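Two complexes come next, and they have one chain in common, subunit A, joined by subunit B in the first and subunit C in the second.
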Partner chain A sequence: MRTKIFVCVALLVVVALALGACAAPTAAPAAKKKVGLVTDVGGVNDKSFNQSAWEGTQKAAKEFGFDTKFIESKQPTDYEKNIDQFATEKYDVIITVGFLMGDATAAKAKQYPNIKFAIIDNAYFPTKGVAYCDDTKKDCYVDGGLTNVTSLMFQEDQVGFLAGVLAGGMTKTGTVCTVSGMEIPPVVRFVVGFQNGAKWIKSDAKALNVYIPSFTDPAKGKETGQSMISQGCDVVFGVGGNTGNGGLLAAKEKGLMAIGVDVDQYLTYPEVKDALISSAAKNVDIAVYNYLKSVSDGSSKAGVFTANLQNGGVGLAPFHDWDSKIPQAVKDKIKAASDGLKSGSIQTGYKP
Partner chain B sequence: MSNTTVSVPQASRLRLKIGPRQLLTAVFAAVGAGAVFLLFNAIIGGQCDSQCVIGTLNQSVRYAAPIALAAYCGLMCERAAVINIGIEGMMLMGSMVGYGVNVYAFTWMKQNGMDAATAGDISRALALGLAVVSSGLLALLHAVVSIRFKADQIISGTVINILAVGLTGYFYRQYLAQNIPPGPGTFPPFDIPLLGQIPLLGAIMFQGQKPIVYFMLVATLLIHYVLFYTPWGLRTRAVGENPRAADTLGVNVYRVRYINVLIGGLLAGFGGAWFTLEAVDVFNPQMTNGLGFIGLAAMIFGNWTPFGALAGALIFGLGNTINTTVSIFRPDIPSQIPQMLPYILTILVLTGFVGRAIPPAADGQPYEKQ
Partner chain C sequence: MSSLVEERAPQTAGRAARLAMLDALGMPLLAILLAFVGGALIIWATSGDFGTVLAAYEGMISGAFIKTRGFSETLVATTPYIFLGLGLAIGFKAGLFNIGAEGQFYIGAISAVWAGIVFTGLPAILHLPIVMLAGALGGALWAGIPGFLKARTGAHEVITTMMMNYIAFRLTEFLVSVPLRDTLSSAVQTLRVSPNAELWSLWQIPQRLSDRLNALAVAIFFAALALALARWFVARGDMATRLTLSRRRVVVGGTGLAVGALAFFGLPALTQVWWPFSDQYDRLHIGIVIALAAAAAVWWLMYKTTLGFEMRTVGANPSAARYAGINISRNILITMALSGALAGIAGTIEVLGVSICRCLPLFFSSGYGFDSIALALLAKNNPIGIVGGAFLFGAMRNGADLMELNSGVSKYVISLIQGLVLLFVAAPSMVRYLLRMRAARKIEEEAPLTRGWG
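Let's look at the complex of A and B:
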């Protein structure tokens, strides 16, 4: 009796396995597209733009049915390795987050022409003799260049300008400051926009700035914030991932005002919400989402896509708790600056 | 180099406490640091007034704390001839544990009806304790691997660094990255009553600092006393210079090494806790940013003495705060130049002022009992 039961069970197992084996190949053709995200060293929980990119990826995955996965880069030497890992696992789309990944992405896009790449914050422009563009081509994105790379760019200087207007309108000491990460174009755009915005609303405003060569050093960011606060700064704009977050903390501890960056940090970084008057948001999540949407309907193209105030890709986050404390005059000025930037009658002063 | 010049500092380390050479180094370092600071103040154009100078120096003492503690960790280990390059990992562990315990203990106590102020005090103290213990455990691992199993100490230290990155990364992702309850914040700063009144020095060292910074200053004196004025210190140094001879005289070499490495680990734990319990109340992966290794440089700069190591740490701390000051007042100087300052300073100091550093003679060699 016992052996019979055993045989039955064994048969059932065999049948189940066989069915399983059959089922797998039939499901394969309908397999989901695989999307891989390579973060910069800040990591996917940086309360800032890596996190935002991953959120956009997940949202798109839910709606359009992608398989998604992320790999965090621990150091810059990981960039190519991490892209390789997705490539060998036959991913269809690889998104690289950050300007610093520019060279790695270009090299790998050349190596894997069948994979679609999207890079945030880096656009490839013609530079003669650069390894990843043929030196006869005028533009990296035309044929022979990077035909499979989409650059998702943001006009950080515009939203930085608005943050500057807000800071310049709110400061009591007339000094505003930025705790910045590495001196790379997206950070510089934020800083230059911010400083010119502050001077636009208050022509005698002083704008201090310190670049810190790291995005993962909140301790140094806070010390830097404190230094600038002791020089009279009372609105701290933190531009630089976790390093910038340290600057926000410095402002919060002194009971001053702070402005977040990249995402609405009131939501992602509640520890400093008392001090946070707004955030200069670039909607990385929306840009990534729109890109993946175009991938899913087959309309994705190589080239540069710029998010700006005109198309709503960047903008100031809500004032939240500070809404009632910000004078209407300042809000009007922000509105005026925003309209001016959109129409082009106001320039942010950033020169690439 | 003749034989006598090599043996003099070694002999002086065993007999003299602060020899003329150490004094000379200290004077050189102070003069050098002062000159560099004046130079940069001149570049800034006198915009940094006395208040700003004191503020900068006060900040550099604060920034020197983790570096000095890392240096003391290396010092304790290497004086007993165990090389420890796992300090970075130990500090990282300490900072992660400190942050996690601080936040979760605070939340738990508040839920159980304790008022926020008391809960904050208790959880901070508890966090500091556990941070130190966690770092000590890693040190114990290093001790077992390198003393009991006589493995290569460099490899063991490297493994500890990698292990700490992995472990802290895992716990961060699982428990500390999202939806964390608000914590009680960092230790509040306070002034030391009498010492804080000393003109200039008081404002720089004993005002507005937090407990771990004061602990670092006390630890300097304590380590100096223990190493050079107690039987234990004598044994430690003997084990570091000539373990065979020490063994012959009845010193338990293994025991001395175990305890020294453990003490080193505990010190590194304080250094790690500085990041999350004093500097900022957040943790993020790899937030120690290589200060553990810079601590080792400070130790070598200080020729394996606590005051020397403190001087090294202060110089590095100074370099790290001057660059901020320069950046603030001179935005026209490319940011990379002030950013290079601490490293240029380190190289200058290491090559120019110190000359040849002489480690304990048996440094890095496992001891085989016969």
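Let's look at the complex of A and C:
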């Protein structure tokens, strides 16, 4: 019997070794530039901004002939490791998605000065006590050593403001609310813009908000949405990836109104489309696409690039099924607010 | 008494022991191999291309062992698995199915970070033990609560430890995002621990050792190790009869002192001259050494001490244990606390050694604690098996990224393979059927994995 076991084991070992050893060299020497995308913990199918970044990358890859791959981060200690994964595989461009990856991206950008980095939602400013760019520097991208980093930023407060105007115009109870993710600058910009927008159109509007310290907790989002609905809120703005999606679902189940975030969620989250009056979109895909375009023609620069209403980088998504139900007066107000924000005659009230 | 082997007739004992050995060692190995074959079949079936299977496994092996810093990262991932696996194994051996390791890991991490932040200006020789102790105490407390509930009221630990997980997650989230938060950082994370509370990366060692106090700490560690080894050596049959007790004490003490002195004076000088780890982006840290020492300590505890014997007896047959006068409640409490302490140290090490910020970030969702349940079962709760299994799991976890990158096979295939391993380990008759093997006679002491209420 022991010989039999031995034979079995030996065979299996041979198979296992063969699997490892015979593997053909995976890639022929490619002249194509390699672009890697590291997502945040939401993952590449988050129906929101990681997904949008990946779509932009794929579109650019098709047009400009890049090789692209993504790695999903499981947890924050993975950020550096995942960036390193691309760097040691000799990728030319690494895109990191999200404010939370700011420190990891800066550290790795310094380690690999010959690789181009783009980070979404995080801009670097000289800050006292921050190792990679302290307050003795003038500009992190110029003399702070991050000369290979491009920050793709969005004025979420502008589109949040427009969403607020829409919500304030549509509410019957006079109370609107936001189910928010973590209290980080991009989320705060959305929320502050939204609240001020609602008050701009309806000065006595009440705006409720709860920050939930997660982007991946739809159950908690839904619960929070329900509790705010019970306090009179009838337009729910979900700002926080999957957590926010829970808020949208709560509104849909009560037959109320909801506003999506980051992308046109009518398309990405059709389960709630009956309730969705619009979405406060930030066009991450376009920003990534434009960045890769600049990489492809050699014109990419380090520094901060801000997408806003003026350049079409952020904006309200179409009203879809609600188009006929939204009064013309409200649409006019949105138009007026948009013009005012563009010209600077209206301020969103967000202060960094 | 550790197995019934010793009670058999002498001539069959040798053969039985060999068979038992084969069963204990061979089965997990076969299960692992079969799981990889199963994984290959699934990749093949889903991709429709055998080349993908090759690319996937090639990527996994290269990512785990060959590529730059690949092997280091594998050891980095192995370290928490060892601690967690040991912790769970202690529980399983005593018949306690602690599935709250993930929560105890979190509480250990946050306790250690807290201790790392609030104490400042301590030398590493004090601060490192303090943070480790804080992590261990945090984990022990967190697991001790279900232990207390079980001992006192009979509440089933599967339910209570699972509930405690969620409390741990939310509590940690709160502590990270409010009281301990670092407002300067881009991420939501705690403040950085004091530099003396950090676990040393290997490349830092020459520089760390140039501090006399640090060298002393290392010397004490090695002296303790040498003491334990020497003590074990002189207690072996022939040595024990040849030397008198006082002689043995002299030998043991002398060895400890000599090794300590050698380490204290020799290591700093040696590492200044020659040290193979210079890559400062290499995250490998001394945690792996501590983990191996812990595995040895747990083995000793389980098989060479009265406490370990009591634990195993309670696990094998609580009624008999009670009849023999073993205090079951006390045992449950101690087992759970130890189990949690090890999980807490895993969290401590992950935070103080691996995370670049040397702090606890939000979303620290590791999954290590849940994987380790499979790991402990795979290793059949044997500390040596756990070290091997942890290495396998660490390699898979680390290799998964390059596998996904090179072959496009989702890294969740890793969980699938781990699941298959578990399935084959839990159902050895399936392996035997697949490989047409006959069963070895059942001669092992086995603890039931879990028992009913009460």
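Everything below uses one rule, namely that the second predicted complex is superposed on the first by the 316 of 352 C-alpha atoms of A that agree within 3 Å, B and C clash if a C-alpha of one lies under 4 Å from a C-alpha of the other, contacts with A are read in each partner's own complex, and residues count from 1 in each chain.
Throughout what follows, a contact is a pair of C-beta atoms (placed from the backbone, for glycine too) under 8 Å apart; a residue touches a chain by one contact, two chains touch by 3 or more.
Here the structure is a predicted model, which is why all the values come from computation and not from measurement.
A.B. asks: State whether subunit B or subunit C is in contact with more residues of subunit A in the superposed arrangement.
C.D. replies: So, of the two partners, C touches more residues of subunit A.
A.B. asks: A:103 in the overlay: touching subunit B, subunit C, both, or neither? Say first, second, both or neither.
C.D. replies: A:103 contacts subunit C only, not subunit B.
A.B. asks: Which partner does A:184 contact after superposing on A: first (subunit B), second (subunit C), both, neither?
C.D. replies: So A:184 only meets subunit C here.
A.B. asks: A:227 in the overlay: touching subunit B, subunit C, both, or neither? Say first, second, both or neither.
C.D. replies: first
A.B. asks: Who does A:74 touch here: subunit B (first), subunit C (second), both, or neither?
C.D. replies: both
A.B. asks: Counting only touches as set out at the top, which of subunit B and subunit C does A:122 meet: first, second, both, neither?
C.D. replies: After superposition on chain A, A:122 lies in contact with subunit C alone.
A.B. asks: Does subunit B (first) or subunit C (second) touch A:43, or do both, or does neither?
C.D. replies: Only subunit B is touched by A:43; subunit C is not.
A.B. asks: Looking at A:245 after the superposition, I want to know if it touches subunit B, subunit C, both of them or none. Which is it: first, second, both, neither?
C.D. replies: A:245: touches subunit B, not subunit C.
A.B. asks: Just to be sure I read the superposition right, which of the two partners does A:213 touch: subunit B = first, subunit C = second, or both, or neither?
C.D. replies: Both subunit B and subunit C are touched by A:213.
A.B. asks: List the residues of subunit A that touch subunit B in one complex and subunit C in the other.
C.D. replies: Touching subunit B and subunit C on subunit A: residues 41, 74, 183, 213-214, 216.
A.B. asks: Can you tell me which positions in subunit B touch subunit A when the two form their complex?
C.D. replies: Going through subunit B, the ones touching subunit A are 51-52, 55-56, 59, 62-63, 165, 172-173, 177-178, 182-183, 275, 279-282, 284-287, 289, 320-321, 324-325, 327-328, 331, 335-336, 339.
A.B. asks: Which residues of subunit A touch subunit C in their complex?
C.D. replies: 1-2, 4-5, 8-9, 12-13, 15-16, 19-20, 22-24, 26-27, 41, 69, 71-72, 74-77, 80-82, 84-86, 88-89, 99-104, 107, 111, 122, 127-130, 182-184, 213-214, 216
A.B. asks: Provide the residue numbers of subunit A that touch subunit B in the complex, in ascending order.
C.D. replies: Answer in residue numbers: 41, 43, 45-46, 74, 183, 208-214, 216-224, 226-228, 230-231, 242, 245-246, 249, 270-271.
A.B. asks: Which residues of subunit C touch subunit A once you look at their complex with the stated criterion?
C.D. replies: 22, 26, 29-30, 33-34, 36-37, 40, 51, 53-55, 57-59, 61, 63, 67-69, 73, 173-174, 177, 184-189, 281, 283, 350, 354-357, 361-367, 401-402, 404-407, 411, 435-438
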